[in-house]
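Next up is a structure, given as structure tokens.
Chain nomenclature is as follows: A, B, C and D, assigned in order of appearance, with residue numbering initiated at 1 for each chain independently.
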């Protein structure tokens, strides 16, 4: 067997409050695809950032082709022959597609000036070779999310690297685009490149990967050849216990319809979305990332203006024009982008919790800190928040605990409907179970929960009914009784039943 | 609306033409080539400064100290010229660029290494630089009689029918055009304004690039220092006082987004030219000069409103029918 | 199932709030103020004199009044560069009213009303049209002062009644001027508003993260609009005081006040990026600026040289903690 | 020791530096201390801060050239209340804000002189325009009024087409001068009764190759203006002697400190310059403006 072209050993990386990577190792081989597998928050993306010079590891060595390298900057990583398609699209809206592909390594003419003509031509060539159907001359902001991902792929290809990392490259792509990507990956393999492929989709992994490495909670827990390992073995490694025990059993006692939405539409993001949620019900929203579920929820929450559609809450028509209106009406929203939209970092926990409830804790507009602390303590302790004090800055909390602060904030407003957008994204397994258990508690107390999730087990394990969305449209609403995961995946990805069968 | 955003420069140019025509209707001499060239020449310094400011604004920063830098460099060069009339003018100009660049680099270092917001840094250096003008000159003015004839005359000479001052603007504009469109540095300036995080992923050193932007703005201010002093033949503490905001106004009118990442050389030039035309037109058509300030204020507001309309985020565009690609 | 008594009791806070306040910015400012005061007392025999100290306050009260409101605005993540122009316009309109025979209460009403109206205009452009405040207020800065120039042309208004002049020249008791009393009262009001009310708490939230604040049900636009009006109001009040103190109006009045007010705010420890700051800091910074300029004035140091001190003070005071932290990290 | 503050519109101005020369000369003669001070920017607010610090220093007298006739009144009244004598000179303060005002020259005489400077070189008459300082500048406005009054009777061929304001700012003055030239093709002379404006106008005429076509004249400092007499952009300009002005202002202030009473008709000594008589607004005129042309500019440009 050949030697690995890239070897990582003993890599450790900590963030305040989290050890994201703990002495992990990884090997990549020329002409082979290695899948990196692990739950959300296992440390996969962090490792990618270490390999591409964005983060500096606290400890550990990186060897490329047998030689030790240091990667202090993103530049040094490309110089060492490593390139990556990152999980978040890190591109430039205001620049053209061609430039997005070549920024930082643009072709240069005799005078040391950027050679736009060559750049455009080569960019177009790369895009065409991927059958992307994108004009290299337009500005990136004119593309949709899927096409932006293709541009990111093209950028990685334009760097003539020996090691190509793909962090969930297919998450936002349609089936057709995914097929094209597979072809590309085959070509790269033939070229002798080493590929690191990160994905949560097992069908994909089994289709294109040669090897695998599994991470759990920042540690390397297993590796081997895909052909020699069964899916259930890998899942066992990933989760560390049997999967089907995670979700709390609950006997649903559904009441009347609390919130009913009819024909919600938006000019560019979603169209004709109708659903209803009952007292004591968990309504799941499933779809591929980018299906527009978050946009719909933000419209229900008053953050996005609707072009048409109506909503009825407890028999009364509502039309929230702002989040404040929605909160007053009794609808609250736990956003997906926790850092940006959920918590106010650099403010203490208690102030985060009391913010929407200030009217209750204050006296004729004047703050009463004692009341705020009381309110914050009541709800954070119910959620078993782990912190040193209520005055701790939320930015120093771990992701799961930040999520708890956001949920506590909303529970304190005594809402009727709580919308949870990817509630367990980036949360460790322990907290995840706690959040799930807590959701069960919420509905048993008579709340209605809408849960947006891209994780199949979570959707299937928690929901009473499931709404499936694809490309901004509602595909179907299903009762969660004996639903097969494949059914949901097909609906979400738009694969016809008979074609797959 | 879409066309407007695509061809922002075109529309601005059109606005300038409309103003010129309107003035010409009341006062035919206004649009004579000689007068138009005069306006261009009068606006040359502002154009150069606007370009320097644009580079900084592109990186999501702002330089409030440009006018003070200009005054300080101008005073230094005037005093050197008065004391040593023998020093050749090109040497003086090179000196101005170096001194101005060094002052700009000082801003840049504070922004880069200490991570102090640009507006705070330059608010501080604005007062420091201007105070230094007074300190080094002891408050005395350097007047025409103390300056050497070459010092005064250089920019007034003509080449191909254009005053040398205009040529300075043209050359600087050309250099900026090349910098912004043809060099890695220029593209990095845009990139870190559009998306600083993505820039890090792309291997751009954000802090260092900002530092260079401030240095460039400083160098331009230094050059403008010499040109200003030799144009108005007086160097005093109050030179170009308050001008920093005019420079920013020119950029804003020219479509440079204060949020960074958007702006072109052509836009900045036209923004400056627009202010120049207004300033020249008002006295000519006998509108009381007291109207001038309100008019340029309204122009700035109009420009931001129009630019913002164009920049308005289209959202993510999930629906296929709306994607439009 | 879950017994609440099993939960760990979260303490309100770990450290003593008094201790953290003592280590904060305000202590640094108090120290600076004391040093300057001491130096001044030794440097000039005329400094320690009730009337001198009273005159000193006139150097900063008007700007400091604006700085109080500006502090809230900057904490919320916005800025207003048009405050000096608002003074010019308010003063001009007061002068105009005077020509039509308005008496003192009407004059004050017009000055304050103009301020609020200008602030509301800024607020509308920023929150209603979603424009960046720095650009909007650079524009309105020219617009407001421009209107003052159009109205006033080449005249100046004068002949304000004595009852009006009292606002800028009168003393409430002994050497305590009306301007100083007004400033102290305003400082207390702004302190309570920012640090002791729901409104202030929301201002901080907006400044730290206006998206998250909006997602938390804070009416971000409305609060920012109010803050612009408040800044306009304080500029209107400053216009009344300044006009009364000068006893006349010219369109070029109050030139450069905006940068001085912002300097006080930033020197007072308010983060220009929003989200942090205190009124006590701003009051101390105003005092420091006043002490520096007056102290140097007593030594007949030209005003422009004083600005070197304030400019350096601004950078040094902000850079010091950063340098200290870097140095500690290295060690 | 007696201390007299000489407060000027703004520091760094050659004219005021010359006045300070005279003031120091008077200080030596009288055995007093003269504090030379002023703001950097020529604004009333800045001057008030200077006045406040002088009040705190308990100087004996303030001799001030004002940036604004009205805005300084309250501050100067406060000074007078604290027993400080106040004299205004060059650019005056409203009567309530000072005890004596010293005009550099007689208003009527200056108004007539600036028109005469233009008319002398326009035997056939023609269009002239005035480029003034700030629109609020008291002295300039008074001279312009006097000039207008003098034209019909004494210079019937002169046609004053426009008065514009350059605010004593080089850039604004330059723009205004250009505006005049563009608007009035037949313009024969620009009269700038301000030292900043006159330089700007002469520079514009030089730059636009209009030497010989447009004559720039007005009030100018010889040292700053010499080159424009030399190159022909201007035939002649005039000015009073700022050295004498500063000298006289200090003398007047000292007279008041000594106990002389400022009332209409009072005769006060101004040292070697002579003696002035106060009119019914307690103002006095120092001397007639002095004309500089090719024959004497060299000599005077070395002095101030």
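Basically, contacts are C-beta pairs under 8 Å (C-beta built on N, C-alpha and C of every residue); 3 or more make two chains touch, one makes a residue touch a chain.
Since we're looking at a predicted model, the values are computed, not measured.
Under the touch definition stated at the top, chain B and chain D share these contacting partners: C.
Ranking every chain by how far its Cα centroid lies from the centroid of chain B, the top place goes to A. The leading chain pair by number of C-beta pairs in contact is B-C.
If each chain is reduced to the centroid of its CA atoms, chain A and chain C end up 44 Å from each other.
Chain D has its Cα centroid 74 Å from the Cα centroid of chain A.
Centre to centre, using the average C-alpha position, chain B and chain C are separated by 30 Å. Chain C and chain D have Cα centroids separated by 38 Å. Multi-chain contact residues of chain C (touching two or more other chains): 153-154, 255-256, 302, 304. Shown for chain B are the residues that touch two or more other chains, namely 134, 139, 237. Not a single residue position of chain A touches two or more of the other chains.
The full set of touching chain pairs reads A-B, A-C, B-C, B-D, C-D.
Those residues of chain D whose C-beta lies close enough to touch chain B in the complex are 10-14, 17, 40-42, 164-165, 169-172, 174-176, 178-180, 182-183, 185, 196, 199-200, 203, 207-208, 223-228, 301. Contact residues of chain C toward chain D in the complex are 44, 46-47, 49, 51-52, 55-56, 58-59, 153-156, 158, 165, 168-169, 242, 245-248, 250, 252-256, 293-294, 297-298, 300, 302-304.
Taken in their complex, chain A has these residues touching chain C: 301, 303, 322-324, 326-328, 333, 335, 340-347, 350-351, 355-356, 358-359, 362, 365-367, 373, 377, 380-382, 384-385, 387-392, 409, 413.
Within the complex formed with chain A, the chain B residues making contact are 178, 181-184, 187-188, 190-191, 194-195, 197-198, 200-205, 261-262, 314-320, 322-325. Here chain B touches chain D in the complex through residues 27, 29-30, 35, 38, 42, 134, 137, 139-141, 143-145, 156, 232-234, 236-241, 279-280, 282-284, 286, 289, going by the rule given at the top.
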